[in-house]
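Look at the two complexes coming up: subunit A is in both, with subunit B in one and subunit C in the other.
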Partner chain A sequence: MTGRRAARRKEPPPLPATDAKPGPPPRRARLWRGVTPWLFLIAPLALLLTFTYAPIVNMIAYSFTDWDGVSPELHYTGAGNYTELLTRPELFEVFFVSGYYLAASALQIVAALYFATILSFNVRFQNFFKGVLFFPYLINGVAIGFVFLYFFQDGGTLDSVLSLFGVHTDHAWLGTPTSANTSLAGVSVWRYTGLNFVLFLGAIQSVPGELYEAAELDGANRWHQFRYIIAPGIKPVLSLTVILSISGSLSVFEIPYIMTGGATGTETFVIQTVKLAFQFNKTGLASAAAVVLLLIVLAATWVQRRFVPDDRVDLV
Partner chain B sequence: MTRRVVARTFVYLSLVLATVVVLLPLGVIVLTSLKTEREMADDSGALSLPGDLLNFHNYVTAFQDGEMLSAFANTAIILVFAVSGTVLIGSMTAYAIDRFTFRFRKLVIALFLVATLVPGVTTQVATFRLVNSFGMFDTLWAPIALYMGTDIVSIYIFLQFVRSIPMSLDESARLDGANAFTIYRKIIFPLLKPAIATVVIVKGITVYNDFYIPFLYMPSEDLGVISTSLFRFKGPFAAHWETISAGAVLVILPTLIAFLSLQRFIYNGFMKGATR
Partner chain C sequence: MNRRTIPVLLTAGLLLSACTGVGGTSKGADAKAPDDPSKVSGTIKVLTVRTDLVQDGTLKKYAADFRKIYPKVKVEFEGLTNYEAEVKIRMNTKNYGDVLLIPAVIKKGDYPKFFASLGTQAERAKKYRFTGTTTVDGKVYGQSPVGVAPGFLYNKKVWQEAGITDWPTTPAEFLTALKAIKSKTDADPYYTNFAAQWPLTSWTYVNGSVSCDTGATTKLVESDPWAKGADLRVGDTLLYDIVHEGLAEKDPTTTNWEASKPRLAKGQIATQWLGTWAIVQFQDAAKKAGVDPADIGFMPFPTQVDGKFCAVIGPDYNQAVNVHSEHKAAARAWIDWFTDKSGYAKDNLSISPLKDASLPEVLQPYEEAGVKFIEVDDTEGARLKLIDSESEVGIYAPDYRQDLVDLARGARKGSLDDFLGDLGKRWTDAQQSVGTR
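Take a look at the complex of A and B:
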């Protein structure tokens, strides 16, 4: 609060006005002016090309080879890696795991929408609830991993809570693929609902308040207000969230890697790629897998853009 | 009237339920971190209270044996370099793109735009080979360069702000004989303060919490950052939940303090950061 006020006060002193009109700049100055923007862009562009575009090009090149990432020798294998990816079912199974996270994202979006809606109206302890809902998003992933390893342990938090209600299970929560993936996806809901919540909250607050008042005068209830004012008002954020959820569900890594290391059928696409590349030295195959993931994400983005044209991307 | 009351009750019930769901796992970890080894072995359940609420023994163990001090130091170094680099690079890019018309401007914009569509994790295998060939593997420079080089979101945030600074300010400075660098340094950069605050917060939290990049690029034990050092607790403290919990609390605590003191800015930061 104070920081922002201070920043506003510190505006630079008004510059003295001059009436002198600039003549046409001399040639050297014009040349200088042509170079100037590039002087500002040289570092950012160099970083962008090195760390984003060069890897993409290399990755596509590696994906057609049998390179192990170490030896100087590599052979061109054509589409061999891609056929291997598509024909070995165990390599493809990781996409079913993404299904759990996709389902979790749906739940997460609904929960975030619900809480954002109720907390944008008058509720007691509003700020407390907002803080509680958002805070998990800020927590370190490894710490979350440990918190929930203990949560799902035999005799851990979950079992203890259940026994309070007289439910005693000898269920190993991370023991079977279905239950392990459900548990992990649940952690992901716990972790990311807050981000969606804050995004929705911001969007809802940008809806002009008079609209609600007018609607209330017309006898609209909360559901009507949500359906006809809030929902259309936050459509761009909602569609952004959906696309983030899809690419997020495909590139899950941290939580399952920390909690199970990919055991009991919880291996995700990224865990598999990391293992292929860095444990089994199959750089070629891993690159092909990464290209497939990239194509899926790009396709999802494209489809989303087709259905919900985002008129807010106005960079130019 | 009664329907209103029922609805109200439902709203508060759901909020309280959500609060329990969020705070319970964290609260239990705090309880566990205060228990002694004996108490853990007694198996009285995760919800039981520790005998001594001021037993900080596990924190000392976690801090010393987990080499948390060097982890916090490494994280701090990376944070300072990566965040200031991001601020500098983002603001320069935004200034160049917004205030100049030059050849290939559209191409440059397109390059930055398309890069947002590529999730970082997908290209990691190839990036790894590249970083390795620069000799940056297993040094602090690898994460610093990667955090600086791939942050498109901050460029967007800066671009929004640069656009809102009136051109007339630049023009009058130019008439006074200021060149483009002086204008950037003396006018644009100081006026970007709110955007800088946003970027520092969003980027700072990302860097502090990131696991993937330090895990892949800095395997050496003495280069551990807080996430990788905490991850290593899994080995030596395998079943010692009281020590692991203390380590987790140590890592979460700075985030909690930052969040409580900067709450408003953090919300705003994420709204601006993510909707762009």
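Take a look at the complex of A and C:
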């Protein structure tokens, strides 16, 4: 009781009568009100500008020069780098490799969707399974690369696991382009399923629970519930995931770079760009390649957006 | 170009000029050797690739010895694991240590913009080897503390078990020897270290060994390195044959460099093409694995000119003084001391850069066999790098040899002749656009 009374005593004094009067606030107050949101934005905006937009502007500028990445001298070459890129079709052949990762993304989305649906209902050890699925995404990409090098080694983890089941392969997993790309895409599925899974789970859980109850009363089974409630309910997240997967597949880098360095036909566009810049010291050309990749990703996103517009979801 | 792109380009141009306005300000500085050791002072930072020696304190011991002569100089070390890439970026600023190793990416003509000169070549060449590698307009900009020669590291026991006692003198004999090892022992006759990538680049250093020609580098610049009988073609063909005949490890794509050292020491691997610098590391691995380090042998490339093997000795990374350094005298003192007095070359069983020093003990079999040591003239080294980058062949990069190994083991379609022919074409095209042909 005394506490409450003490609290009441600490209440601020009543506001001065002037402020209670209707009418515009004084200029200073209005100024502050206008500036405040920007004050909060200073830090993120500064970071965004310094570490995202300034480098992009720089990169675009370099793409018009013949800079080698270290020499103090550089020359403006106009669109020379872009003409060179476009007249060398072999530089775009590496996009075939992205096909493996695209196929893998499809698999990954289906798997993530499946697990997210199952785990959104009541399942035993639900949280444990959620953890298991999300865990790979938390590991650093470099570490994953090294772990899977051992995994695919001749007589490594994969071979020993297979031999437990009586399968004795004598297969060099990273040995041929097809096998190597499939293996690497498999690693990327293992790594990113967790992320998609969490996105889907969040979306599914935002679907009101009464809908399921109502559906069950109407005699809908799990598949019907998925088909008519969950799938339309998470459509925006689903289309976002597809966009992320496609742009991700076009710009695969870490896993193949660490595991094979682009050897045996596993070179992706980004690896090729990095090699142009740091192995052959063609920073200008590499910048142009990076700009082209950016444009391709933007174009792919735009096309998808045209096909799947961002509708509002209305389930009820 | 529409109206909206113009301001973007303008901003871009402004930023560009702001970002690249560093470097090249104090062109032509000298790092003179100090006359009186007690008067030099300052703290200098030395950049190095030897992260292992930084970690185990070996470099600190060198620094302590150095301090006995130069009491007022403090030496600090910074080991960089990915040296080339990291230093390249740092060299866009003025802050890249006081003493550093000259990265391969720096164009030779740009040396005076980045490094302080150590003196004229005329004067330095009297005492030191390899001065030509870093000479620009008669002035020397770097000094390598060790000299290295490429060669095959092999396990003597395994080779003896297979019944081979003499070094092969032709690539064909070498292949026969590896085949004997395959049939008579359990060892992998050859190990490519494909996955570690850089060990494959050592194959470029066959240049000069095959033809025993001191002008081999100039030849690379002026002609097709993959023409019939050219040094690189001979080397690359041997690598192709080794892999094609199934004499290399079963799965090259998942090799492991660190693990390959004890495996060679224990006789599970018979041979690897590396360099003298590797001997010490393999001997250490042998000691750790509890086998005799004396089993690790070293042999030259299997070709002879006039009945003699040839071994090319060249510099390792060259140490240089940062042109922006505030303690140039101290930095210079460190380079001189490290090259002349530290004993670093001896500790690494390497060839000393001092002309009057004797060969390390591991190369005694070389002396007995009458191997001829040559130094390849590096006057055209700068143009060589230019052609290499322009052609995107990358003779100092692993890519084309990885492709070669893939080709040899059937993971890539095509024939060796077409493959080498294509390399040659790209190379000679680049020679034309760079203007050396």
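What we mean here is this: the second predicted complex is superposed on the first by the 257 of 316 C-alpha atoms of A that agree within 3 Å, B and C clash if a C-alpha of one lies under 4 Å from a C-alpha of the other, contacts with A are read in each partner's own complex, and residues count from 1 in each chain.
By definition in this document, contacts are C-beta pairs under 8 Å (C-beta built on N, C-alpha and C of every residue); 3 or more make two chains touch, one makes a residue touch a chain.
Note that the structure is predicted; figures quoted are calculated from it, not measured.
Trainee: Between subunit B (first) and subunit C (second), which does A:F278 come into contact with in this model arrangement: first, second, both, or neither?
Mentor: both
Trainee: Does subunit B (first) or subunit C (second) touch A:A43, or do both, or does neither?
Mentor: The first partner, subunit B, only.
Trainee: Please work out whether A:L133 is in contact with subunit B alone, subunit C alone, both, or neither, and reply first, second, both or neither.
Mentor: First partner only, subunit B.
Trainee: With the two complexes superposed on chain A, say which partner A:F51 touches: subunit B (first), subunit C (second), both, or neither.
Mentor: First partner only, subunit B.
Trainee: In the overlaid three-chain picture, which partner chain does A:A290 touch, first (subunit B) or second (subunit C), both, or neither?
Mentor: first
Trainee: Applying the document's definition of touching, compare subunit B and subunit C: which contacts more of subunit A?
Mentor: Comparing subunit B with subunit C, the partner touching more subunit A residues is B.
Trainee: Using the superposition on chain A described above, determine whether A:T65 touches subunit B (first), subunit C (second), both, or neither.
Mentor: In the superposition, A:T65 touches subunit C alone.
Trainee: Between subunit B and subunit C, whom does A:G156 touch in the aligned arrangement: first, second, both, or neither?
Mentor: A:G156 contacts both subunit B and subunit C.
Trainee: Kindly list the residues of subunit A that each of subunit B and subunit C touches, one partner per complex.
Mentor: Overlap of subunit B and subunit C footprints on subunit A: residues 54, 58, 62, 69, 153, 156, 278.
Trainee: Touching subunit C in the complex: which residues of subunit A?
Mentor: Result: residues 54, 57-58, 60-62, 64-65, 67-74, 149, 152-154, 156, 172-177, 180, 260-265, 275-276, 278-282 of subunit A touch subunit C.
Trainee: Name, in rising order, each residue of subunit C that touches subunit A in their complex.
Mentor: 8-9, 11-13, 15-16, 19-20, 22-24, 84-85, 88, 91-92, 103, 105-107, 110, 113, 194-195, 197, 250-251, 253-254, 388-390, 392, 394, 397-399, 402-403, 406, 409, 411-412
Trainee: So in the complex, which bits of subunit A are touching subunit B?
Mentor: Checking each residue of subunit A against subunit B gives 1, 3-4, 7, 10-12, 15-18, 20, 22, 33-34, 36-38, 40-41, 43-45, 47-56, 58-59, 62, 69, 111, 114-115, 118-119, 123-124, 127, 129-143, 146-148, 150-151, 153, 155-157, 159-161, 163-164, 190, 195, 198-199, 201-203, 222, 236-237, 240, 247, 251, 253-254, 258, 270, 273-274, 277-278, 283, 286-287, 290-291, 293-294, 297-298, 301, 313, 315-316.
Trainee: Which subunit B residues qualify as touching subunit A in the complex?
Mentor: The contact residues of subunit B facing subunit A are 7, 11-12, 14-15, 18-19, 21-26, 28-29, 32, 43, 45-47, 89-90, 92-93, 95-97, 99-100, 102, 105-106, 108-109, 111-113, 115, 117-119, 121-130, 145-146, 148-150, 155-156, 159, 169, 172-176, 179-180, 184, 186-187, 190-191, 193-194, 197, 205, 208-209, 211-212, 216, 226-228, 230-231, 233, 241, 244-245, 247-248, 251-252, 255-256, 259-260, 263-267, 270-271, 274-275.
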